Amino acid sequence: MTPKPTLLKIFDWLSVICLIVATYLALVFAPTELVMGQVQRVFYFHIGTAWVGLLGFIFSALLGIVYLVTKDMKWDIVEVAAVEISVVFFFITIVLGAIWARPAWNTWWTWDPRLTTAAITELVYVAYFMLRAGIEDPDRRARFGAVYALLGGLSAPITFMAIRLFRSIHPVIIGAANENQEKMSMSGDMRVVFFFALFAFTVIFIDLFWNRIRLGQLQEKVERLKLKVM
Amino acid sequence: MIEVKKLVKRFGMKAVLRGLDFNVQPGEFVALLGPNGAGKTTFLRILASLSRPSLGDVNVAGYRLPNQAAQVRARLGVVSHLPLLYADLTAEENLDFYARMYGIPDAPSRMTEVLQMVGLEARRRDLVRTFSRGMQQRLAIGRAVLHDPEVMLFDEPYTGLDQDASSMLDEVLKSVAAQGRTVVMTSHDLARSEDLATRFDVLSRGVIVASASRESLGNANLLTFYKQALAA
Amino acid sequence: MIEVKKLVKRFGMKAVLRGLDFNVQPGEFVALLGPNGAGKTTFLRILASLSRPSLGDVNVAGYRLPNQAAQVRARLGVVSHLPLLYADLTAEENLDFYARMYGIPDAPSRMTEVLQMVGLEARRRDLVRTFSRGMQQRLAIGRAVLHDPEVMLFDEPYTGLDQDASSMLDEVLKSVAAQGRTVVMTSHDLARSEDLATRFDVLSRGVIVASASRESLGNANLLTFYKQALAA
Amino acid sequence: MQLRPSFLKATLAVVRKDLSAEFRSRELLSAMLVFSMLVILIFNFALELEPATRKEVSAGVLWTTFAFAGTLGLNRSMAVEKDRGCLDGLLLAPVDRSAIYFGKVISNLAFMFIVEIIVLPIYSMLYGINLFNPGLLLVILLGSIGYIGVGTLLASMAVQARTREVLLPILLFPIVIPVLLSAVKASSGFLTGAPMTEIMPPLNLLIVYNLIFLAIAFMTFDQVVEE
Amino acid sequence: MQLRPSFLKATLAVVRKDLSAEFRSRELLSAMLVFSMLVILIFNFALELEPATRKEVSAGVLWTTFAFAGTLGLNRSMAVEKDRGCLDGLLLAPVDRSAIYFGKVISNLAFMFIVEIIVLPIYSMLYGINLFNPGLLLVILLGSIGYIGVGTLLASMAVQARTREVLLPILLFPIVIPVLLSAVKASSGFLTGAPMTEIMPPLNLLIVYNLIFLAIAFMTFDQVVEE
């Protein structure tokens, strides 16, 4: 077994530090938002996980294309890793969103385009795993997974764009189309925390992603050894 | 007619074919023998372009697989243990469909010819649903020879057939061979293989472990040859 | 052990069995031969109480069908060409389930015994999904003998098995017969039937057209006997 | 060794087998759950449920969701038996066939209940309606029994047909609509806090249906599985 | 005789074969039609649709009906190919695999259209809403193409899976919801006589989706049917 690369070890530590710092910044450093109060602190994690989740889904679609072109199993492992981590992160986004929605909109959930498209996106990737579970031949499993990830990848940008395409109560901040759209005013400190959260979750994502790829490779190795023994 | 070099086929980690070499001259009739799970069906599916090789060179009828699959397919007839027929169409409609898919000119006369050959002329307008196992197998063979293929692949064509249907199949196979077509057939029935084939290859654990022509086998028993090949 | 009188089985209008008479003494091993569609499977399914006779008397192991089906079932072991096994359970769990369904006392020791007999002791904790065709067939036989039945029915048990698996099955069948069990087996493989059975019955168009014991057959060839029976 | 297991033991053996197979593959439960979520989602789109009308229709949406997810589960549960001849294996055992029927009913019900237990709180959250109402839970219990009782019988017929991919919902829905209808009525009664005099008629109807369906299924299952 | 048929001829051969098999058995169309009626019925019961709200939701109900009936049809249409190895038979022909894909898409579309043509007047009658609106028909045409286009691809994957009884709706619905959603929006725009500026965005979205889905399916069908 190959030892853990040093860079990965550094990443492991870096992501732990990032998580701690981001938590500190969000819970303590960031100013309390005037309108919504303490619960607004959830925002930094909400946006952080959503960012890496969506990015991972789009990435998995690209990896699907790469697999279909190269037919190299290693891309399948990477694709599964991307989907798996993104599904978890995106689930956290939804849960945090729901927690935030409770005080902000006085309900856990509402059938707003952003929320609905987010739920659909999550279901696409649950279906992705069910498809894979139903196929025994690993090559075919990889191919079907790649095709489905490619189709599913469309739903990630839609989820992102949903609030811009349809009327929505979910606020837009990044590139808000026009000024009269509801917009949360971020103070300078908030902005700092916001960007740090994005950075922190990117680091954490990369670290988990890398570790998950290594796990996939080790699993493959175990399979191979098992076959040799048999 | 068939040239296979260092063919490897993996399902995931598991290598089912591991560097298989296989050559068939035009007009040869090769019986491919081997235990359950040896990879016979897998190998025939690769020759039929239904499955992609993981590694290695495969040439069939002068064309390379998988790149020139369409050319190979036009020259190939396949009989698997499933009938590949539509139960809700008549015998004629089934053949007509495949005739269109192969772009056969003058389809009606060719269809009549084939139906006569497999002895189903009288039932051409009956639904395949109403056919017995033996009759379906006949039609499956008719379907496979419709476009007059140069190479034919048979995967356990005798499975589940009774004596009559088996004799019919014997005759069809002999006539196919007599027309100079190249044939590869898998079977667990050594007696039948001995009757028909001009060459016997034993596939075990993903490679051809022994090969003998009818002449080189001489008076030796095919069963002993097969057992020795596996024991080695 | 088995007494069948004037058995008729219709599917709608079509009579598949038409007044069939059939008797088997305890300890006999009957090979039931016949062309595709003769009604062999239909007949075995009636003996197994899976299908109801349209007319006629059927007695198995001293009980009448279909009225005393439960008593018959407790004394009957069946191997069909499907494995009757759950792919998502292990070998052990499959046997355990059937042991419960047959109310077998002391199931664990009986299961071990059976697994040893069919040579699957080492794989008892593996999912059936991962078994090869031959191994599944072994386990299917293990399942069928679990409750130590008096009568055993085999429907084409050799289909698709290779030489090794077939020899294993030969041995299991011989040991089953040696234990004095009554066996009825259908097969298209005359050579195998000749090796195993003590009696040969030919079923054609829904009736038994010929029956010969091993002794009465003497030196005559089974194939000629079979052909004559069908020609008559 | 000509012992025969008791009715109860045979039933439990079937249940045990189904649960341990499902525990291993989890394919049936996950399929039912995901499908439930999808049906709820599609309903929401299709009907653009306004907050005002939600409370009135949520009993309907809930039962439709259960009905669709249930068909999926029933189909798969019987297909597993049919595919590798296992149904024949069951029928060959020296047990009463109704023990097999009840075994399948109990395991299908178990799957249905698990799905319902997960869907209910999610639905409560999504629509902001408190569904943890003992009356509603009773209706769900009764409605599921009726639905699965007749569904298991019809699924055993459907998997034996040539068109088995499509047959079950077509057979099941028209038969089971009375059950669903009374369940919807009783459920929305409990949800809107209607007086018991309004709730009792559909509830009684539901009980009567359950009894009739189970009795019929009990008596005819034999005929359905035999050739 | 080493001729090869043109792309068009191969596509037409597949369509012709499907249509004549269906013309004989009629099992697919009848199943889809009966199921459509059942879905409409269940909607009506479950939701106790008031005449007032009907007009607003009828586009939604209509599309949900089509979506459910469509899954049934797609599943059966691909199961027929898979069951007796016919899919292998198709793949053995010396034709481009996308010709097979387009052939299946066209015949599935034909079945879908037939069902829609029958369901529309029935729905109009049941709910007293005139659905013969050229705009609506255009939306139905476009929506069905998108739905069947991606559905045929996913059905070819689903029938190859172990859990094929349950997989198709789970794979298909989340992917195809954007198509259904824009179809519902555009349809109800036409039904309520909304201005074209409101109808165009979902209609454009629908066209874009159709193009993307058909392009992806066209390019990946090969991968899905090969071993």
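Going in written order, the chains are labelled A, B, C, D and E, and every chain counts its residues from 1.
The rule we apply is simple: a residue touches a chain if its C-beta (ideal position, glycine included) is under 8 Å from a C-beta of that chain, and two chains touch if they have at least 3 such contacts.
What you see is a predicted model, and the numbers here were worked out from it, not measured in a lab.
K.L.:
In contact with chain B and with chain C at once: which chains are those? Just list them.
P.N.:
none
K.L.:
Which chains sit in contact with both members of the pair chain B and chain E?
P.N.:
Chains that touch both chain B and chain E, as defined above, are A.
K.L.:
Greatest Cα-centroid separation from chain A: which chain?
P.N.:
C
K.L.:
Looking at chain pairs A-E and C-D, which one is connected by more C-beta pairs in contact?
P.N.:
Most C-beta pairs in contact, of the two: C-D.
K.L.:
How many angstrom lie between the CA centroids of chain B and chain D, rounded to a whole number?
P.N.:
Taking the mean C-alpha position of each chain, the two centres sit 47 Å apart.
K.L.:
Hey, how far is the Cα centre of chain A from the one of chain E, in Å?
P.N.:
Going by mean C-alpha positions, chain A sits 32 Å from chain E.
K.L.:
Between chain C and chain D, what's the gap in Å when you average each chain's C-alpha atoms?
P.N.:
The mean C-alpha positions of chain C and chain D differ by 37 Å.
K.L.:
Quick check: how many Å separate the C-alpha centres of chain A and chain B?
P.N.:
Between these chains, centre-to-centre, one finds 50 Å.
K.L.:
I need the residues of chain A touching at least two other chains; which ones are they?
P.N.:
120, 123, 127, 130, 133-134, 137, 139
K.L.:
Residues of chain D that touch two or more other chains: which are they?
P.N.:
Answer for chain D, listing residues that touch two or more other chains: 25, 27, 31, 34, 38, 41, 45, 48.
K.L.:
Which positions in chain B are in touch with at least two other chains?
P.N.:
none
K.L.:
Okay, what are all the chain pairs that touch?
P.N.:
Chain-chain contacts present: A-B, A-D, A-E, B-C, B-E, C-D, D-E.
K.L.:
Quick check: in the complex, which residue numbers of chain D touch chain E?
P.N.:
Listed in rising order, the residues of chain D that touch chain E are 27-28, 31, 34-35, 38, 41-43, 45-48, 53, 56-57, 60-61, 63-64, 67, 72, 75-76, 79, 162-163, 165-167, 169-170, 173-174, 177, 180-181, 184.
K.L.:
Quick one: in the complex, what on chain C touches chain D?
P.N.:
45, 48-52, 70-71, 73-76, 78, 80, 82-89, 93, 97-98, 100-105, 127, 143, 147-148
K.L.:
Okay, in this complex, where on chain D does chain A touch?
P.N.:
25, 27, 30-31, 34, 37-38, 41, 44-45, 48-49, 125-128
K.L.:
For the complex, give me every residue of chain E touching chain A.
P.N.:
Spelled out, the residues of chain E in touch with chain A are 150, 153-154, 157, 160-164, 167, 170-171, 174-175, 177-178, 201, 205, 212-213, 216, 220, 223-224, 227.
K.L.:
Would you pull the chain A residues touching chain E in the complex into a rising list?
P.N.:
That would be residues 68, 120-121, 123-124, 127, 130-131, 133-137, 139-140, 143-144, 146-148, 150-152, 154-155, 158, 165 of chain A.
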